[in-house]
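The first chain written gets the first letter, and so on, giving A, B, C, D, E, F, G and H; residue counts start at 1 in each chain.
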Amino acid sequence: MREELIIAGFGGQGIMFTGTLLSQAAMMEGKFVTYFPSYGAEVRGGTAHCSVTIADTSIGSPVITHPDSLLILNKPSLGRFGPRLKKGGLLVLNSTLIEDETSIGGGQVVRLPATDIAEKIGQITVANIVALGKYLALRKIVSQESVGQALEVLLAKKKKELIEVNKKALLAGYEYK
Amino acid sequence: MKKLFGKPESLTTVNHKYCPGCGHGIVHRLIAEVIDELGVREKTIGIAPVGCAVFAYDYWNFDVTEASHGRPPAVATGIKRVLPDRVVFTYQGDGDLAAIGMAETIHAANRGENITVIFINNAIYGMTTGQMAPTSLLGMKTTTTPFGREAKIAGYPIKVSELLVTLEGTTYLARGAVDSAKHVLEAKKAIKKAFEIQLSGKGYSLVEILSQCPPNWKMSVPESLEYVRKEMMTQFPLGVIKDKTGMTV
Amino acid sequence: MPKIIIAQSKCKGCELCILACSKKNIRLSQKMNKKGFHYVEIIDPDNCNACGLCFQVCPEVAIEIWK
Amino acid sequence: MKQLMKGSAALGEGAIQAGGGAYFGYPITPQNELTEYMSRRMLEERRVFIQAESELAAINMVFGASVAGARAMTSSSSPGVSLKQEGISYMAGCELPGLIVNVQRGGPGLGNISGSQADYFQAVRGGGHGDYQVIVLTPASVQEMYEMPSMAFSLSEKYRTPALILTDGILAQMQEPMELVKINAARSGDQSWILDGCKGRAPRKIRSLLMEEGALEAHNRHLQKKYIEIKNKEQRYQLINEQAEIMLVAYGVSARVCYTAVQEANRKGLKVGLLRPITVWPFPEKIIQELVPQVKAFLVIELSAGQMVEDVNLAVNGKTPVYFYGRAGGACVTPEEVIKEIGKI
Amino acid sequence: MKKLFGKPESLTTVNHKYCPGCGHGIVHRLIAEVIDELGVREKTIGIAPVGCAVFAYDYWNFDVTEASHGRPPAVATGIKRVLPDRVVFTYQGDGDLAAIGMAETIHAANRGENITVIFINNAIYGMTTGQMAPTSLLGMKTTTTPFGREAKIAGYPIKVSELLVTLEGTTYLARGAVDSAKHVLEAKKAIKKAFEIQLSGKGYSLVEILSQCPPNWKMSVPESLEYVRKEMMTQFPLGVIKDKTGMTV
Amino acid sequence: MKQLMKGSAALGEGAIQAGGGAYFGYPITPQNELTEYMSRRMLEERRVFIQAESELAAINMVFGASVAGARAMTSSSSPGVSLKQEGISYMAGCELPGLIVNVQRGGPGLGNISGSQADYFQAVRGGGHGDYQVIVLTPASVQEMYEMPSMAFSLSEKYRTPALILTDGILAQMQEPMELVKINAARSGDQSWILDGCKGRAPRKIRSLLMEEGALEAHNRHLQKKYIEIKNKEQRYQLINEQAEIMLVAYGVSARVCYTAVQEANRKGLKVGLLRPITVWPFPEKIIQELVPQVKAFLVIELSAGQMVEDVNLAVNGKTPVYFYGRAGGACVTPEEVIKEIGKI
Amino acid sequence: MPKIIIAQSKCKGCELCILACSKKNIRLSQKMNKKGFHYVEIIDPDNCNACGLCFQVCPEVAIEIWK
Amino acid sequence: MREELIIAGFGGQGIMFTGTLLSQAAMMEGKFVTYFPSYGAEVRGGTAHCSVTIADTSIGSPVITHPDSLLILNKPSLGRFGPRLKKGGLLVLNSTLIEDETSIGGGQVVRLPATDIAEKIGQITVANIVALGKYLALRKIVSQESVGQALEVLLAKKKKELIEVNKKALLAGYEYK
């Protein structure tokens, strides 16, 4: 097993957190994992993205050129990363912010209104986790439970109060049809 | 109908990469307006720093060169001595001008180079995401002073304009801010004066502008304006610090 | 009557103009532009006096005022 | 227990666990997280942290802290490391230990902030003036980022010459599981040169100026003897598939890319292996010379226009073909590209 | 019989390489005497500059390190932070301290490093045989100002002690001279005070010493003393420039 | 008419005759006479002379003067040239012409002030960061000191990359008869990049920061293409006794020592010749490769612990034995020593 | 009576002590030391008051005074 | 013909001038010549010396390890350079300042009281030229006339008044027995 995922959106949409969360969960499951952020430092504006590779065997470069999957939370990122998706790959889109209807050659395109769903949950900033839930439902790279545990680890120190709403978002995404 | 306010010719149409509320964009425009008003766009050479304003060459509609971090005064000296009838200015952040570039700053000032220095004091390293700058206030939490800037470890905020006062080579030193329309207009006057001094061959001029950096200060834009007014202006009072020409702004 | 044009695509919703306008005549829109920013809009064009304070503080030079 | 850690933080923690007593840095992307990490942790540990006014000041603070006997270090990225070259030459001349970290980014000039490996020559050929060498170590995982400062400090002290960890923006920024294993912090080597006040002993002097006739030449002979000893004793590397016919040679992040390429090539039945230098100075030339009879070709992979390939060429000395593939300017080579290059041989 | 005057313990018996009449030798002795009197020889670490005093490590009978040109303040910072209970001082010429090392000088001062800086201002680059220094007087003929130092080209003589006054980190700044026995004794008092401030942990102290360089000034020794008195002291007045401790020398 | 002239003064006058418009220097032995010469002559010629506050400032003033279109130069000696490395990398990245002179002295660190050749690697392998090259010229007589600035400026402008004259304390200090021949001062190469105000044209920008995806890689490809062109077209050397069986290889002052050694060896009937690289980057590898079949051994002579010998090895690639003899730390090799080394082969 | 010792080998004949001596009691010797400098000598040992002014200005620490 | 000469003495004894003068004369005779000073810069005190090589064919290195001849004007220089003299070489000593009586193995040692002679001429600073005169009388490397002309060239600009006394010194040395 080897999954290369790029997560992309605006800065502020929790892109890096999503990637770290997934990586933490993968590590807790004993998998090999690398996480690589795009560093916005020295560039203001534009999109943020990160690359997560999860595998059964040790991983070489953390840099992903042609991802197996894409988690795209805003429109500019679709233009930037869409064309890079591996043939037959999976594209999960936040349809609240992306009206785009074009299909990706051969691949699976899944649209979910992540921001709307997050708003309904009462915390617009968890749209990323909603999208992650959907992605995990489609690619069972790591279990929902592991992500839940990872959430507890990562938020334990400073943001304990956010654990529940994030779990809710994860579930909402996971179960979104 | 007449256009009362709009993009000056000396700005390109390229969109800034600055964060919302950042003062850099305002000062870029002020410089462009002054250059337009003085009619010197076609004989101006600007020097962009290494800092958030590193892409300034894309935003100004005149000749602009890059300079390595901290060395704009040396680069400006090289240009101005070769082309003394051109208008040459540097645009520098507090890290660029007052940390790594302190020696070049002092010596260009001391030589009385006939250049203009626009100095953006936002009390932080913006581009590298929020480390302490020489001008960071005591107690300020930055990514390299996680417990707040402590004088014993990291020294005191440097008052650059005051530091340069003792140098005989400096002709005009002023400090402004861009936290409000009033201050923006005052800052523009100071910038204009600085360029006029250069045009009349009177020597070194520097305008320090207190500028907000909301994200690295970890503040909202309104909070950052308050910080400029309450904290920054206390440490770095606005006004003309030195004016050898005797004229007031 | 002055004409005030705010370039939505340039605006980053920093609200500096909102704070600057003596007429309290600018507000944040509910809508987002392509960059993901809520841009600002004039509340009442007739209430604008073309004072230019909003222009002075706009870091994006997103505002143009005609009269 | 494993934990996710950023390469730069791992390096910082590794230096702290290794007894690093003084850190002096100046911000520059992509090594900022290291300076930031140290700004918190060094103070927590009541050790010395200073954000210097420049890279020049930082390396000279390292000089001072080293003179005073601390395990001292600085870190920067390419342009900042260029500014340290005079200071590094002084440290080598004065035979001072110390650690310099270069988180390489794209160049030349301001370049960009992506990971790169284009400062290899500067590191191993002495970007500063004079005949000197620093020991250059190249980690290839977050785990190694954590463990290498200890190795660097102790080699540096043992031989009284600065050590440099040559890494890049990718390794520094990435996270992967690693373990905070126990680190050896024992100081190594003679310490009778440290300046801490001449109580109960004759005053000591640290200097690299040798004006008396023949003195500097004698000093250089001494240095060269030391360098030859290091060359003989401290070549380190990792070898994957000793029996390979095509041997990739790569360090740091490009070694990771090659690792994936080797796996895939092997799957296809190709006899491809990987030699990963861990020290690039001293360069592991002995193992290359040993491999020469069996290897049909070496393929050197770098994130540069081709620098380490010269060391491979010098070691091989024409006896086997040496190929090169690289990408300069902050671009990263992919495993697919490596496989394609293997195909061309 | 008692020895009233003679070589202090903190000097070695190695003969200086300085030119006849050079002030460096006098100041070396003053430092050594002060260190002896304070009883800190065995816990002192000196930093020799790159300049005529580069061999100072041979002349002082305590631990001394070299530093690259201009960087003694950074080296001193490294040493002092690691060994805060030792006595650490730099000894620097005007080229070293005020030209190439200006940034390090300002920043060590601004951090209020608890070190002592002995600054030999001889208005020239002695070691490299007589080029202009940042402190060379206007009109002064040097090997790089063959027509005399002209402000337009080469700037103004920098008053280092005055420049540092505005920095909050500086505790004590004084200027002396070694042109006469009277001034020598005064200079010694200032040096002693500077070291005492360090010993009591009060922070950064700098003593600037006007010093004659007869060969590079192209003067006889008596002429050089006259130059110190008439020209140098006019530009660089003697006395305490700043004293945060409030005590007088 | 011949006249006695010091090497450093000859170089300075040569730069002035070549139209050098701006000089920025900082004192350091053994190049002080050059700065001093320029301080008088540039003002006499009403050109720009500044004694900069440091070597760092000087190289960045050169950057500025070059941006403004002047033939700009700086000079220093080893430690000072180390401080210029960041600036040189920027100039290469920005594709700016300009001249740097390194009057090498003994190192590492403060070293001493005797002539040396230990900064070869720094010059030809890029002591600064990133993949870049500067054109490196090596004079071997006072006459060449005078004539080389013109060559340096024009190559530098033609290819828009900095040029470096790599000389040493001996050549700079010595005097010998030379002739003030007429120098070509014509500016070469395209000038449409100069910043002098955008009157009548679109604004121009000079930069080395290339953050857009792929831009820096493309820029590096462009630079490498240019470097290959220089390598192909600009290798310069002097060859004495083409038919020699033992070929000495040496540049600058050590080539002079070898010249005497060759004369004596020939007197003794030994078939010894001398290849003197005039450009050391690009290194004259083509002629070495041509010589390989006929030469029994190369003997490289340097005032260093062995640096250029690597370039000879890379060019020879194991096909002929390459020997090295050198003295580091400011000591000078003698003709007798060279002859002894020849004897050992 | 004070004893004043001037180390001839150290003296560089700079004359600073001559200028400093209130008693005008020091003069340059006609002789040179090994370094090629005319060193100084006391004119009249009895005339010295051990004030130490000469010592204070001597860059070579060539003077020693006992009493 | 090839002559390697080292001239040494105190700084201030005109060592560099003597070397340049001889080089100038050699050049005016159309000979090959190199002159190499020891640069006292960055070393205060000690001795000054310079190396002059004169030959019929082009000259390699200007650095002299074992000179054919030595012109020594003070005592410390004798200790430093004496041992380096080539076997059978010529050593000209300023006996006014050097009481040393040791002979140089196999070589020719010539003592003349150059400083005394110079004093008699009325200009103590021309002792160097006196010694040069003697040296030239012994080794006819260049003619006395050429040195006279060289003097005129070198002193023409700034020190015209010194030409005569230098010529006198040259002759005095040349004719000293």
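Just so we're on the same page, a residue touches a chain if its C-beta (ideal position, glycine included) is under 8 Å from a C-beta of that chain, and two chains touch if they have at least 3 such contacts.
Just so it is clear, the structure is predicted and the values come from calculations on it, not from any experiment.
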Third chains touching both subunit D and subunit C: A, B
Smallest count of steps, each to a touching chain, taking subunit C to subunit F: 2
Path length in steps (a step moves to a chain that is touched) from subunit D to subunit H: 2
Between F-H and D-E, the pair joined by more C-beta contacts: D-E
Centroid spacing, where centroids are CA-atom means, of subunit B and subunit E in whole angstrom: 34
Subunit D-subunit G separation of Cα centroids, rounded to whole Å: 58
Multi-chain contact sites of subunit B, meaning residues that touch two or more partners: 16, 18-19, 22, 54, 66, 68, 99-100, 102-103, 106-107, 111, 127-129, 134, 153-154
Residues of subunit D touching at least two other chains: 29, 32, 50, 53-54, 56, 79, 86, 90, 94, 109-110, 113, 207-209, 211
Residue numbers of subunit G (touch at least two other chains): none
Residues of subunit H that touch subunit G when the two form their complex: 10, 12, 45, 74-76, 97
Subunit E - residues contacting subunit B, complex: 99-103, 106-107, 110-112, 134, 151-156, 158-159, 162-163, 165-169
Subunit F to subunit B touching residues, read off their complex: 21-22, 24, 48, 50, 52-54, 56-58, 60-70, 72, 86-87, 90, 94, 195-200, 203-209
Residues of subunit F touching subunit D in the complex: 56, 78-79, 81-83, 85-86, 89-94, 104, 106-114, 116, 118-119, 121-122, 125-132, 207-211, 214-221, 223-224, 304-305, 307, 310, 313-314, 316-319, 327-331
Contact set on subunit B toward subunit C in their complex: 1-7, 11, 15-16, 18-26, 29, 178, 180-181, 184-185, 221-222, 225
